[in-house]
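Chain nomenclature is as follows: A, B, C and D, assigned in order of appearance, with residue numbering initiated at 1 for each chain independently.
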Amino acid sequence: MRLYDKRCEIKFITSLSDDTYHLGIVSPEISESCIPGQFLMVRVNDDYEPLLRRPFSIFRTEPKEGIVEIVFEVVGKGTKILSERRSGEFLDVLGPLGKEFKINSKNLILIGGGIGFPPLFFMADFQKSENRNVVFYYGARTKDGIFFEKELGRICNKLIITTEDGSLGEKGLITDVFIKDLETGIIRGEAEVFSCGPTAMSKEISSICKRYNLKSQVSLESVMACGTGLCQGCVVRVENAQKSEYKLVCKDGPVFDSDIIIWED
Amino acid sequence: MVDLTVKIGDIVFKNPVLTASGTFGYGDEISSLIDVNSLGGIVTKTITFSPREGNPPPRITETTAGMINSIGLANIGVERFVKEKAPIYKSFDTRVIVSVAGETIDDYCRVVEYLEKEISADGYEINISCPNTEKGGIYFGSNREMSRNVTKAVRQLTSKLVIIKLTPNVTSISDIAGAVADAGADCISLVNSFVGMAVDVETRKPKIKKIIGGLTGPCIKPIALAKVYEVCSKVDIPVIGIGGISTGEDALEFLITGACAVEVGTATFFDPKAPVKIIEEIKEYLNSNNIKNVSEIVGSLIQS
Amino acid sequence: MVDLTVKIGDIVFKNPVLTASGTFGYGDEISSLIDVNSLGGIVTKTITFSPREGNPPPRITETTAGMINSIGLANIGVERFVKEKAPIYKSFDTRVIVSVAGETIDDYCRVVEYLEKEISADGYEINISCPNTEKGGIYFGSNREMSRNVTKAVRQLTSKLVIIKLTPNVTSISDIAGAVADAGADCISLVNSFVGMAVDVETRKPKIKKIIGGLTGPCIKPIALAKVYEVCSKVDIPVIGIGGISTGEDALEFLITGACAVEVGTATFFDPKAPVKIIEEIKEYLNSNNIKNVSEIVGSLIQS
Amino acid sequence: MRLYDKRCEIKFITSLSDDTYHLGIVSPEISESCIPGQFLMVRVNDDYEPLLRRPFSIFRTEPKEGIVEIVFEVVGKGTKILSERRSGEFLDVLGPLGKEFKINSKNLILIGGGIGFPPLFFMADFQKSENRNVVFYYGARTKDGIFFEKELGRICNKLIITTEDGSLGEKGLITDVFIKDLETGIIRGEAEVFSCGPTAMSKEISSICKRYNLKSQVSLESVMACGTGLCQGCVVRVENAQKSEYKLVCKDGPVFDSDIIIWED
């Protein structure tokens, strides 16, 4: 797949909540070629502070207008600066990067925790015309952490929202609600699970899926310097057919079969 | 037309800008982004005899205008390198320098011997300066005798370009450089990364699993430049400058100070086209200063 | 209320934040901006026996997240220091450490002897690490024997706090630190500045008249922290951390790594209130982490 | 004199030309206490890039509104960033710093070259009610480098503008025009000269004054790290009564009697 590194115009940047932003950039090439699960490396300014680009999952594309979108949360210096950029300004954007989610089944269970929902939104949106059965679990701490609820409702067969404080949807951890649904037999066995969220959630989902014999793929996070396989910095340990080795989250992932991941700590 | 070529030993580089070891993979990773053939050359990820999986994560962390890495010389080993990567280089129209490391002098020699037999690189960069391994690496490069001995041993195995890559984490880098030059090195490259550390004050854990790692990027440039100045003042063989070079101006500082070429490292991470841009910016500088040949500015520092 | 006091030798500092030598003048320059009495202590500009006018300008230049200086120990000499500056300290309710340098061991001793006779400082920081002088300074601090000898000589002259300030420009700072500890130092402070350089590519002149100078500021923090880690791991006397400390978080990284106090340098130039802010930020951190005593976090790094 | 280091609001920032800006900040304390020749150290952002504050001469004050003004030219990184700051934002400002121009005479000749005019403007403005005879030489490369012409005309007894290309006022270097006026006897002997501009100009003015036996003071520039005498970085060599020594531009200056300066290079 071709990679692009271009100075792209910011088409829009809007705040979805106090600390969550929706950014659209103009990049016809990336918009046309990217697929769900892939990500971008964005240089938030032209300075050496921060030095490195920041990785963001692709949230949606508008290929007709040549637009690629991300949704991001302000958690530190880089995302703060990004949130202060304005439409009409330009950003260096590298992408599309990484391996996509691979669909092998008719029944998809997408599980997005917090700011992990964007790649799953993209996946649901991307294959909406393909007549699959898509169930979307979307969890956050409170209702202020739930975005694009209407769109998701439209493109998924079923949307299950969970919040830790019960301010929207079911009350509880997304993993608990998922387990409950598995136990009550709502989910059929031949479904495939795709998840993205905080590491603790991903680990838990992965172990639940193993227990229930569900195939599952997970999109991982890692600190990244390059995003392209140059630095070897973003490794995760996997064990596959008895062989234990490091894989690059940026190049071999970010999407992995979750049963090969060795979860550390 | 300005002439950008530089010659080190018998090898002519089409321009003085190479990619630094460990920051450009094996050379084929981002070939859809930049044309490797526009580069003066590439230095491969450091190759060891046996494959190395490298250090446990987290391996990298960002610091002010820099980053710390603790990759630990993760590489596929010389055998797979020869089989899987070297064939690609046949189609490259640029110089390929293979970076080599080991834990003992024998280790270094085994890799070079293997490469001599199997492929035809333009030269070797002998990495005696990696701060992220328990043996070899920085422990060789911090010691005059060891540095001399590795150089001698490798020199005997090849007539190709032998570049010795030095660590800046020493009291007198020119002392080590002198020893290495006497032992038959064609060229010295410097600097490798600085030993550095960062702590997460909330968890009270080091941000790098192995606690310390190698600091690189714009923050180290002034120290690297001073090291190049020191070595160029005291040692007679050519020097390749490395350390924080991110723009044409940065590269020019090193050339003016006396380096005959430069390697670009961390900059390629945040700006994959940096090596190519740097070549363009050097060209523009020469043009606008009416300098015909890049070698005219090498060592042209005015020390009044 | 959190307890911020730290004790080094017999001296109690009201908090672990001091100003670094050469970055806070003689202590009275900006007293209308910050209350020196809120500080743990001040370290004076380095004093030599005879006055020194220092190096020719340009003496400073900015670099990425740092600066290079080539002041050359400009100071008024011990005699005028005692007459003009020392009397001010009588009204200070904070610790005053006098920084001392010389070109020979005798030089160092003459300054300390003079001060012992004339004033009552809380201690001396022996600067064997200045990169901007032709003799003494870094040439002492790069050599194990010299470092030991200076320490021994000074130790014999005083029962006050003897802090030896080390240079990071060495292969093994813990080796020097060990020698200095054996020779009777109460405490080690590190780091002094890194040898650095910058070139103006348009004029092709060094940006510092003396070509090389000392690099300081946020850019050096990761290297300084690694040096503190190295010394704290291997040497038993207290360590004061220095290098790029600009925020409470920076200071906490050094304390967690093992320094029992810190000195703030370059930050005071761009943010004169930095030392005071750092004290506040340490206090907040301790409060919000329910830690009663700052000494509880010293060396609390989790190395799993 | 008291020093202040405060986070000050930007009251206005307006561009006077492509690369020259006029900035007003709110600082009642500085506004009230500063005098002509003094300067401010401004931190252009909260980053480490650039690391150091930048020195700017005080151009004017509006003590009633508590405003201090500077005029600056974009020449590098720091001034570029400063020019992009907006009113309502805050800047760390340290001041007032340095020694002022000292007036000992009734006849003042002020000579400002390029972006060296602000402290002389302040001086003219500051003493306008004092019944002195003020002649202002103001030189620039072209007419686009001449600012506040009307105000200067009003507050000075005589304003002589010179441009190198003759696009405004007299054609030529300001130093040449000044010499010519000295030779034609327009300027009376007991006048005092105050100058600020590029080093080459200041040096030339100083030697002209020596030749014509005019007392002169000059405001010097130097790279500064602290502005307060802490770093000892900003030295200039002076020779006074046979004694040659370094003086600090930030603390002993920036204004010096020009006949003691040892001009280097």
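Quick notes on this one:
The rule we apply is simple: a contact is a pair of C-beta atoms (placed from the backbone, for glycine too) under 8 Å apart; a residue touches a chain by one contact, two chains touch by 3 or more.
Just so you know, these numbers come straight off a predicted model, no measurement behind them.
Ranked by separation of Cα centres from subunit D, the top chain is A.
Measuring from the averaged C-alpha position of subunit C to that of subunit D gives a distance of 36 Å. Measuring from the averaged C-alpha position of subunit A to that of subunit D gives a distance of 56 Å.
Per-chain Cα centroids separate subunit A from subunit C by 48 Å. Among the residues of subunit D, those in touch with two or more other chains are 48-49. Multi-chain contact residues, meaning those touching two or more other chains, occur in subunit B at positions 64-66, 218-219. Taken as a contact graph, the chains are fully connected, with every chain touching every other chain.
On the side of subunit A, the complex with subunit B involves touching residues 2-5, 43, 48-53, 92, 94, 222-226, 228-237, 245-246, 264.
Contacts from subunit C toward subunit B in the complex involve residues 63-66, 68, 142, 169-172, 194-199, 201, 203-206, 211-212, 215, 218-223, 225-226, 229, 244, 249, 252-253, 256-257, 285, 297, 300-304.
On subunit C, the positions that touch subunit D within their shared complex are 22-25, 29-30, 32-33, 45, 53-54, 56-62, 64-67, 69, 71, 74, 217-219, 246, 266, 268-273. On subunit B, the positions that touch subunit D within their shared complex are 64-65. Residue ranges on subunit D touching subunit B, taken from their complex, read 48-49.
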